[in-house]
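The two complexes that follow have subunit A in common; it is paired with subunit B in the first and with subunit C in the second.
After this line comes the complex of A and B, so read on.
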């Protein structure tokens, strides 16, 4: 490789561009000029950044920062935007805040506008556990079958939504199926006997004189009611039907008896507004009504 | 201007000096604000540290690459406030090393996840997401039922303490003990956890079995703590809402 000692502008005859002046074994390199458009784009970008520095929050200054002439603040803008969203919804969402469910569900045009939003709220917040159609799954109650632990009126559902069940909220509903097996409250043979009795209750073929029936009356009826009819307002499910949260197989019932159950419904009071909770309560109550007639 | 650059390129030491100057500007812009970060990001009074169990869960969160699909930052946008709640504040992740804000979402943001779902749901969802959310594309993590390694927790806490997270000597020494106790609400150590980290800490058998301390316990404890370390965001954004 040789290098021309004194570089003088040498013009390539074909392109008309300068060469770099280097000569590698007879090969020379064009010194192609930078494209004009890139230079203009750079110049524009730099000019804009100077303007942006002046108009927008830009430079940190120790405890503070330059605020910019436009006085924009992302947080405030987001909250403004959220308020605009809320204002658009207010005419159909606000009526739900006071929770007069009879009047609300009687207002057909209001419900027609609000129910699609309720479906959206349900999908965002409830569907993860209860399923997109509210059908639940193992461990998560079916909301559409008309069988309720605490009651299926909008008022009761709204309270469950607000405070949750076995949640961390101070006003939570509390309901616990003890671990009869793990905590040694019943011997294994009694657990088997009572499981068979519960299966019989569910099938409507319970024998009141069986040993399981006696064990049931002594240990289970206080919460589940005589004959497993539930309805005592303490969240204990009806056992004399074919609806199950944790499964109705003999194995599932035995597991429930041995290890207990303490399902948790989170409290939504801090996450959703009062109007949103009431709207959802009506939506869920309607989910239950839809199938209740067919089911029970 | 271009002629100046043309000549500069031929002066090797001059070019080196110019590169150092240009790169330094970029460096200073990024580094200088960190010198005053204590003044620009004030730690809220109610802010608590992650417990050792939550910290172990955070390590599992990192190990499994959860951050690749789940961000932990509610952005300053109206629809994000609508869906997730108050936008995230810098101080909320002041004790996070490294922070896990993320910049890409395949799944939803989880900055406000704590308390939204039950422990049972998290366990079922992590073992098989399709079991509870049929349309989910999240991978299954059935191996999280493995026992949790708690031996390195003390050194982890000590490292974070050196980075400025206020872990006391007692917290560092009792890390393994506290991790175990947080998953055993009936144990003697449960009160210690509440005393050290505050009454707001969830002390439960997160995976449903108090007899075994598993990676599931740790990860669910971590997920249930997200957004619950301080109420500052709710208060700050709430004040703006009230304006």
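After this line comes the complex of A and C, so read on.
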């Protein structure tokens, strides 16, 4: 195309529109009339906005803002929504608030409505540590095996839930396995001997006359019970069975003896309602009653 | 590339390189340890390399007198190469972290391989590295062609490109070392932010200086978009990154914004990064390369100008739609929502203008994969801006917010629109800059097109499904008013979509690898001293 035509309007043969006469390195533009539909679309979108501005909180006015004809308030709406939901839940959740577990478990229709909700509550709050089926994992107790550190009644479980173990709550349960090795409470050869004794206890083949048994009686039985049978309700596990929190290998037991253990369970009192805690306590107690093997 | 500088320009370049070395040394000395010291070392190493490179060519023959009569395309070539290198890094890390979401147990044990550090490497790598370099490179090309003027000087385009890439490397390597401001798309620490301000203002000045020398009476609309991109990004970057460093030798800084104001400033920045980095600049690219490749005039001059002002005016209001149902006051949310809806009109007007421009060139769209990239880009631009306005409506957002729908929406924009228009521009530019008719491997362009389209569709559709599934599962209650699903169930439900997403991303990445190899082959096949085979620059006084 010749240079002289660059700044003159031409008719585009495809569309029939004139060009604007601009030319940039061969780029031209059509002088198409402004499409009517864009104006209509803009009018429509603007009307929508005006309606929204009239109805909803919208424009700032110094320290205030236009409230809108609907008088909506985000905070109030959230509280109302919560109350509406709480009303739907009230007839099956409220009975749990007082914690009369015997009466609650006896009410079959109530349990049928509440337990599925408890399962979701467990999955959202407990499963991250204790596993989806409550089977625990390294460092986290199995809740389904019927073996309990503090006791397996719903009342005791509810208290553990409320206050936690080694938690930041003032009423927390406190339980510590001392670091016998690191803190120099036992010489290394005694630790090895007592570890072997613990292994034998777990296997049911303990020799009461072994040196390990003496060391155990002097240092461990106060918390874990004579013969490692536990049951004192102070958070010290039974050792005379094959269930372990931190692992039952010789290495794991030696690590426990040398470095101690201070497992933490958070306090849930400020996070869940009393009714929800009692609901979960009953759910967890039932996990234990179903026993290992029955789980999926 | 140094021989394209005049003798005095080489002296200036040498001085600047020494300056960079000293700056790096000062940073490393002030920080002594941590990411800032490493970054000072990087700047020092780069400075020394540049000192030797420039110093070695200092007394080579001077440039010939006819230089002023040619466009300056070396920076554009360099920018395209850097863009594709960053595409490999950014998209590669993207596919890797997408795979980690499906196989989380595959995360190695080193801290720098964790999802949290790699995710910003992906976003910075693709947005700033891939997108930013492509924008700078094409802006230099478009600016010169549509102004019929050579870049105002020969040193500042290099300072802009090298400085910008140093920022990207600082940012990305900082994340790997655990350094972050924890602001999405603005994670780089204070000293890198300050550096970018200097680089960016130089870029703005270069753009204006060249525009002032133009030999065309009017400023083409693409330049309006590029200018909006440069100017508004500078403003956003400065305001959102206002921070106080712990000390001048410390990597760590604290933002001056607090609470919900901080959130609002961050999303004012975040959404306008989408608007002015990922939209305005790329519309500039579209408005140049689409008519050039199709050989068709822009369908409506009026629409292009009105849409430009519509987009710049409406976009700046909408950031608050990222904060629906939060502590942000309701009235701010309403404004964000309504302006988002109005924004759809100029957005669709732009997409429609682009598609209508192809009238009379549909046979080329069918036959030419390069033009097809641009057509698909315009279609995805239309789709994702519709989706964006839709998701900004508060009740819709209550379903989509915090779900993978957002991720799908972003990728329909970035893969379908931004990356497609970049590839269209690269396939138009690279042969031209290499003095050839077409790419070295024309069939590979066709392959790339279908890999990119398939990858994008798989990615976006899987994330739509994932997001809507999540949103519905989270809000489902049973007849007793208890949640129907636990959160972990909604995570488990994502497995097939996350697998599909990783596959879609891998397809897209393989297309980009083809593009990189094809570009390399084309540039290598260029005859020595090839010049762009387009209209020569002949100075002509403005009317």
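Throughout what follows, the second predicted complex is superposed on the first by the 254 of 296 C-alpha atoms of A that agree within 3 Å, B and C clash if a C-alpha of one lies under 4 Å from a C-alpha of the other, contacts with A are read in each partner's own complex, and residues count from 1 in each chain.
Rule of thumb we're sticking to: a residue touches a chain if its C-beta (ideal position, glycine included) is under 8 Å from a C-beta of that chain, and two chains touch if they have at least 3 such contacts.
Since the structure is predicted, the reported quantities are computational estimates derived from the model, not experimental observations.
In the superposition on chain A, contact of A:85 is made with both subunit B and subunit C.
Judged by the touch definition given at the top, the superposed model places A:139 against subunit B, while subunit C stays out of reach. Set against each other, subunit B and subunit C touch different numbers of residues in subunit A, with C touching more.
Residue contacts after overlaying the shared chain place A:204 against neither subunit B nor subunit C.
In the superposed model, A:123 makes contact with subunit C only, not with subunit B.
Looking at the shared chain after the overlay, A:25 reaches subunit C, while subunit B stays out of its contact range. When the two structures are aligned on the shared chain, A:56 is found in touch with subunit C, with no touch to subunit B.
Of the two partner chains placed by superposition, only subunit B is touched by A:264; subunit C is not.
Touch criterion met: A:41 reaches subunit C, while subunit B stays clear of it.
After overlaying the two complexes on the shared chain, residue contacts for A:74 are found with subunit B and with subunit C alike.
Comparing the two interfaces of subunit A, the one with subunit B and the one with subunit C have residues 33-34, 60, 74, 85, 124, 127, 132 in common.
Interface residues of subunit A, counted against subunit C in their complex, comprise 7, 12, 14-15, 19-20, 22, 24-35, 38, 41-42, 45-46, 48-49, 52-53, 56-60, 65-66, 68, 72-74, 85, 88-89, 92, 113-114, 116-117, 119-120, 123-124, 127, 132. For subunit C in complex with subunit A, the residues that touch the partner chain are 145-146, 148, 216-218, 220, 288, 291-292, 296-304, 306, 325, 329-331, 334-335, 337-339, 341-342, 344-345, 348-349, 352, 359-360, 477-478, 480-489, 534-535, 543.
For subunit A in complex with subunit B, the touching residues are 33-34, 39, 60, 62-63, 74-85, 124-125, 127-129, 131-132, 137-140, 167-168, 263-267, 270-271. Remark: subunit B residues 2, 32-33, 36, 39-40, 75-83, 85, 87, 115-121, 124-125, 131-135, 202, 234, 236-237, 240-241, 243 touch subunit A in the complex.
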